[in-house]
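What follows is a group of structures, each given as structure tokens.
What follows is chain A paired twice: with chain B in the first complex and chain C in the second.
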Partner chain A sequence: MEKYGLYLGCNIPFKAPDIEQSFRKVFPALGIEVTDLPGAGCCPAWGTAPSFDLTTWCAVSGRNITIAEDLDVPIMTGCNSCFGVLSEAKHFIEADASRKKAVNEKLGLINRQFKGTSDIYHISHVLYEKVGLDKIKESLKYDLSGLKVAVQPGCHILWPSDVYHVKEKNSFFPTQLKELVEALGASAPHYSRLEACCGMGGMRSTDVEKSLELFKTKLLSIKEEIDPDCIVTTCSSCFLQFDMSQKTLKERGEIDFEIPVFYYTQLLALAMGFDPANVAALCVTPRDAIIAEIQSEARKVREQEPLMTLAPSIDR
Partner chain B sequence: MPAIVLDSDKIQDSVKRIMEYGGTGVLKCVQCGACSAVCPGVKAGFPVLCRLLIKKLLEGQFEELVEETSTWGCQACNRCTEVCPQGVRPQEVVFAYRRYQASELAFSSSATTSQMNLYGTGHAVFTEAGPLREKVGLPAKAPTSAYDEKAQKEIQTLLDNSPMGELGLF
Partner chain C sequence: MAKVGVYVCHCGSNIAGVIDVEAVRAFAEGLPDVAVARKDLFMCSDSGQEMIKQDIRDGLVDKVVVAACTPRTHEPIFRGALSAGGLNKYLFEMANIRDQDSWVHAQDPEGATRKAKLLVASAVGKAARLRPLEEKYVDVTKAALVIGGGVAGIFSALELAKMGFKTYLVEKEPSIGGVMAMLDKTFPTNDCSACILTPVMVEAGNHPNIELLTYSEVEDVEGYIGNFNVKVRRKQAYVDWARCTGCGACAEKCPSKTPDEFNMGLSNRKAAYIHFPQAVPKKAVVDMAHCKSCGGREIGTEPKISEKTGKPLLAPCEKACPADAINRTLQWDPAGEIKEIKVGTIVVATGFQVMDKGWFKEMAPDNKNVITALQMERLISATGPTGGKLLRPSDNEKPHTLTFVSCVGSRDEKHHTYCSRVCCMYMIKQARLIKEKYPDVNIYMHFIDVRSPGKDYDEYYTGARKMGINILRGKVGGLEVLPGDNLRVLAYDLDACAPVEYESDLVILATAMELPPTAKKLAQTLGLQFCGSNFFKELHPKLGPVETSTEGIFLAGCCQGPKDIPDTVSQAKGAAAAAAVPLCQGRVKIEPIISEVHTEKCSGCGICVPLCPYNAISLKPYAEKPRAIIDITQCKGCGVCTAACPSAAIVLHGYEEDQIFAQIAALTA
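So, the complex of A and B:
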């Protein structure tokens, strides 16, 4: 039984805890043990330490990584930014002996030491490579055939591919999320701006109008080219941008539609039969109708609740 | 009259400083522009990123650019790193320049909040989410530094003993 340390980051536990709950429901049911990383903090976000000092970035990331090292588990995170920041920090520490020495001098101040024994994975990597599509298919209570999904992998899960353990064949034509969605029975057609940036992140804090313009270009591409039933992402920042900003554009009269948005494990959890009040409860863009459609009697392929190979990580 | 005067001392100083801040690949750049062609920041209207930023730095315009806001439009997506045929890692040059700007406190006041949050709670983004978390069946307090004084002290120690600590932000 494989065990992973769940690195939460900031947005998921504080802005979208239903995504966190979806991790805690689906992974044990798929045979992956999830353990907390107590006291883990911010990765740190690109606009903080990485923008001030490389060694400080590596030390703050290194501190988070040492929490997993102490528990002897690899890290998995559902936030693309955290995945990118932690992976790159680990790369910078390991690629340069003098950097590693400097980082460990800093970490020595708090009685920690970076060893490099914990690898870093994105939750979608764990689902795709470790769990596998077949096991996901076997776990489903509802079949999503006929639903059309626009996939949004996000940026930091794809680039720079030289520091990541799990790679796409072509990072500019990513297929892993498409395959994960198709495993649920839904279709995930290509659209021309599939790998494009959603505009969240530093850009949104620096200039919200430029961010929204980039977002709108992508959203219109999705709507005009494939007109999906929902948008599915494995990036919590993309989730927030798609969920929040459609309303903004609609209120301004710039779009006349709204497309429901899910984090992938939310869609998976719904298809596995978990309660939407736990795993898909918080959104700005309405999604009640599609949730009812997903968990409709007509789609039921199995009566029983998902097989719990392990106890849920939090049962309170 | 030329728009800029090239000065070899200034160029050498610019290259040295950008490398010290982490942009170690800057001299490999051949100005092909592959990076800017895939950059969402450039696409969105932040022109002085990737190729153009590197060009200006290689012309010795180090201190002149300190107020340039384009660098803060970088999404840190690393598309540039992926496509660069020379191994420059352009994003590292952008971040290296940001580090110089940050050392001169040349960043937007909105970015200060994230630094304060990071120092106070260990999270750049933090809101009290107890009711939201309980609504979805999770404990009100996430198992992170936000509710862990020892963890916060550790993070504060790392930040206090860094160039960030010398800026008087905390």
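So, the complex of A and C:
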């Protein structure tokens, strides 16, 4: 069983622990062992060290990476920001010998050393590249045929593509999340602003109105062009924006609809038959109706009856 | 004892601004073998050269050293002065105290002056030991080869043919015409491209001195200026061109379809096809890669006999041909045939390709309504896939909003840093033609800036603005795909300092011009070099724009760099004139600075033979023993054999041992 160190970051455990639960349910079931990274800290997020001191950023990120190195496992994370920050930091350390030396001098103070033996993966990369679409299809208990999904890969899983090991053929027109959704039986039609920013992150922190403007533009493109049953993302920041800001816009009278939002592994866990009370329990935008629809009797995948005559007892 | 004259040049302030010229002259005066040492503001001027000639005539000097700019441009000038003065011109040596001294050591005048003295001493050491050399001549094959049958190649070939020289015109496609034959109209006069090119194509096709070798590629070139032996491979057409009348009946009946290269993939052609309606020569080709071998009629096999009629079952193409030019029973060689030709000079006019839109990931390259400008030419051409109607590829509907994007791959550090030069103008042309025909269509053009230098070009551009074409300064960041295959253009308007977003039905990308990948092989075959922009490199960017560093090989058209049709034709005619010079002279000079074997010293070991990069050395019997001999027409004077010979039997004239050692002694004194 392949083993990955789960780097949770901040948003998922603090704001959406049900997403964390969905990781812990789906990965072992798909043959991926998840181990914790004891003592992991902030990645550190954009707006902190990455915005003012490259070497400090690399040292803090480097410390997190060395925890996985000690366990001899690659890192996987479900947060686009953590994925971007850790991947870029690893790139900056490895691309410049003098920076690597400076980082290791800082890490030496806490008896650590960056070696570069652990790769950084996004959970969607592990699902797409390591698990594979076929295995996902085989694991389903519910078939999502007929459901229409708007996909939201988010920015930091796409850019800067030069420093990522697993990447899209064309980051401007990403297809991996679309294929992951289609593996569940649902459709994921293209909409024009698929690659556009949701307005989360630095903009949300500094100018909520501009953030909401970007979000509304994107949301209207989704609603008008494809009118989906739900929105699915693999970025925890995008998840929070889509989940909480629809309510704001609705209360202001700027929109007259709400579209349920899932993190991809939540939808996958539901399709695999896991209990929504564990894997999809917390949301602002209501999603009870669609969860009931997903796990309805009519959608149950009919398991093939074991052919008793062809399964004789064998003495081994 | 030698009487060396040393002449130190100020080169205006180029040298004198850094180097103490008088100090160098005074130093030279004291060197052994030096008879006179003088200086002048410009040694290459008439008065400067006259000074050298007079000293020779007066019997003061019998060897000459000029300390000046660079032998690259000025050696021939001073050698000429020696000849005029009555001295063998190879009794001349140049000390490079500008390019390799004053220009590079401008911050250190004292050091530069010291270096100049050393360079002069070294040149004097060599000059004192120079021996006169004799120039030899060989006869020239009075024929020319032009590679590439686009507008550049056609005009080069026509000029050479009109001068009376047999000219071979090699083109890889079945017809000559190149990219210009694909264009709709031409800026800034809106002449129909086919209307002005077709008569010239026909003229080239009919000219008694021009032999068209179309559907052919140059495979190998051997030899040197005046006498090139060229192997041309004629690709297999599977049609007897001696019989083919170009009626097109085979293409009509052929059921196999494949994207039409002439229409840039916007329509299909048959496997049996004629390149385009105005093709010269108008001959059919069967593209075997896409032939379905109808009814199991494999090429090179006897036909099956019909059980009903007892007659042979022929493929539709051979059945359709009224001239019996298609016979699938014949054993056609898929490799085609090799034709060997002898020519004196070669003009390379192989043209360019436009970048594929697939490179530009942000520009929705998979969307059918994003096209390259060359596809747009076909889309508005009367001989194009829509018969000249403006219909967009996704649904064959008339587009209402059009977007032109300039500098796609040009002026972009991620792709090519150079300007492709013609995009601004041809986009304006396309926009004007569409606006004239369909005034209701909205046209947006995005430029970094509009480049319209040329006769009547800027008036053509301002005319476009007056016609109501929207011209925006600023780049297009990307395209988003909307339902119905429309596109949202995401751009920036530099004049309004604001982002721009709008929906467009059809987007035209002016992708950069570049050399096709096949150019690399041709460069290796011909010994051509590439410039920084990866086009073929001319000898000198200003003074040798049609010559190459390989003597006897000349350049014309876009293979040397992007240019428009007027510039291409000018360069093509210029290249033809330059290529005709050796043919007119009838003989070419063999450079005397080449290697020679002292046969009596040669042991016949043969070490030199495989070392020679020009295959100039062979072993021949001499007094019944094998001895190395150098073919003076092949030797380029590189000196590799001279350095390698264990018996010191090979001398490189002009760089003899005593001369080199005298230079080293002077430099290390």
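By our rule, the second predicted complex is superposed on the first by the 301 of 316 C-alpha atoms of A that agree within 3 Å, B and C clash if a C-alpha of one lies under 4 Å from a C-alpha of the other, contacts with A are read in each partner's own complex, and residues count from 1 in each chain.
The rule is simple: a residue touches a chain if its C-beta (ideal position, glycine included) is under 8 Å from a C-beta of that chain, and two chains touch if they have at least 3 such contacts.
It should be emphasised that the depicted structure is a prediction, and the values quoted were computed from it without experimental measurement.
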Partner chain(s) touched by A:285 [first = chain B, second = chain C, both, neither]: neither
Chain B versus chain C as contact partner of A:248, first or second or both or neither: neither
Chain B versus chain C as contact partner of A:295, first or second or both or neither: neither
Touched partner set for A:225, first chain B, second chain C, both or neither: second
Chain B or chain C, by number of chain A residues touched: B
Which superposed partner A:187 touches (first chain B, second chain C, both, neither): neither
Which superposed partner A:84 touches (first chain B, second chain C, both, neither): first
Which of chain B and chain C A:171 touches, first, second, both or neither: both
Set intersection of chain A contacts, chain C complex versus chain B complex: 171-172, 196
Touch list for chain B against partner chain A, complex: 21-22, 40-41, 43-46, 69, 72-79, 81-82, 89, 91, 95, 98-99, 102-103, 107-108, 110-111, 114-115, 118, 121-127, 129, 132-133, 135-139, 142-146, 148, 150-155, 157-159, 161-164, 167
Of chain C, residues touching chain A in the complex: 361-362, 364-366, 478, 480-483, 488
Chain A to chain C touching residues, read off their complex: 170-173, 190-196, 225-226
Chain A to chain B touching residues, read off their complex: 8, 10-11, 13-15, 17-18, 20-21, 24, 36-42, 44-56, 59-60, 63, 81, 84, 106-107, 109-110, 112, 155-156, 158-162, 171-172, 196-197, 199, 201-203, 205-207, 210-211, 213-214, 277-279, 281-282, 314, 316
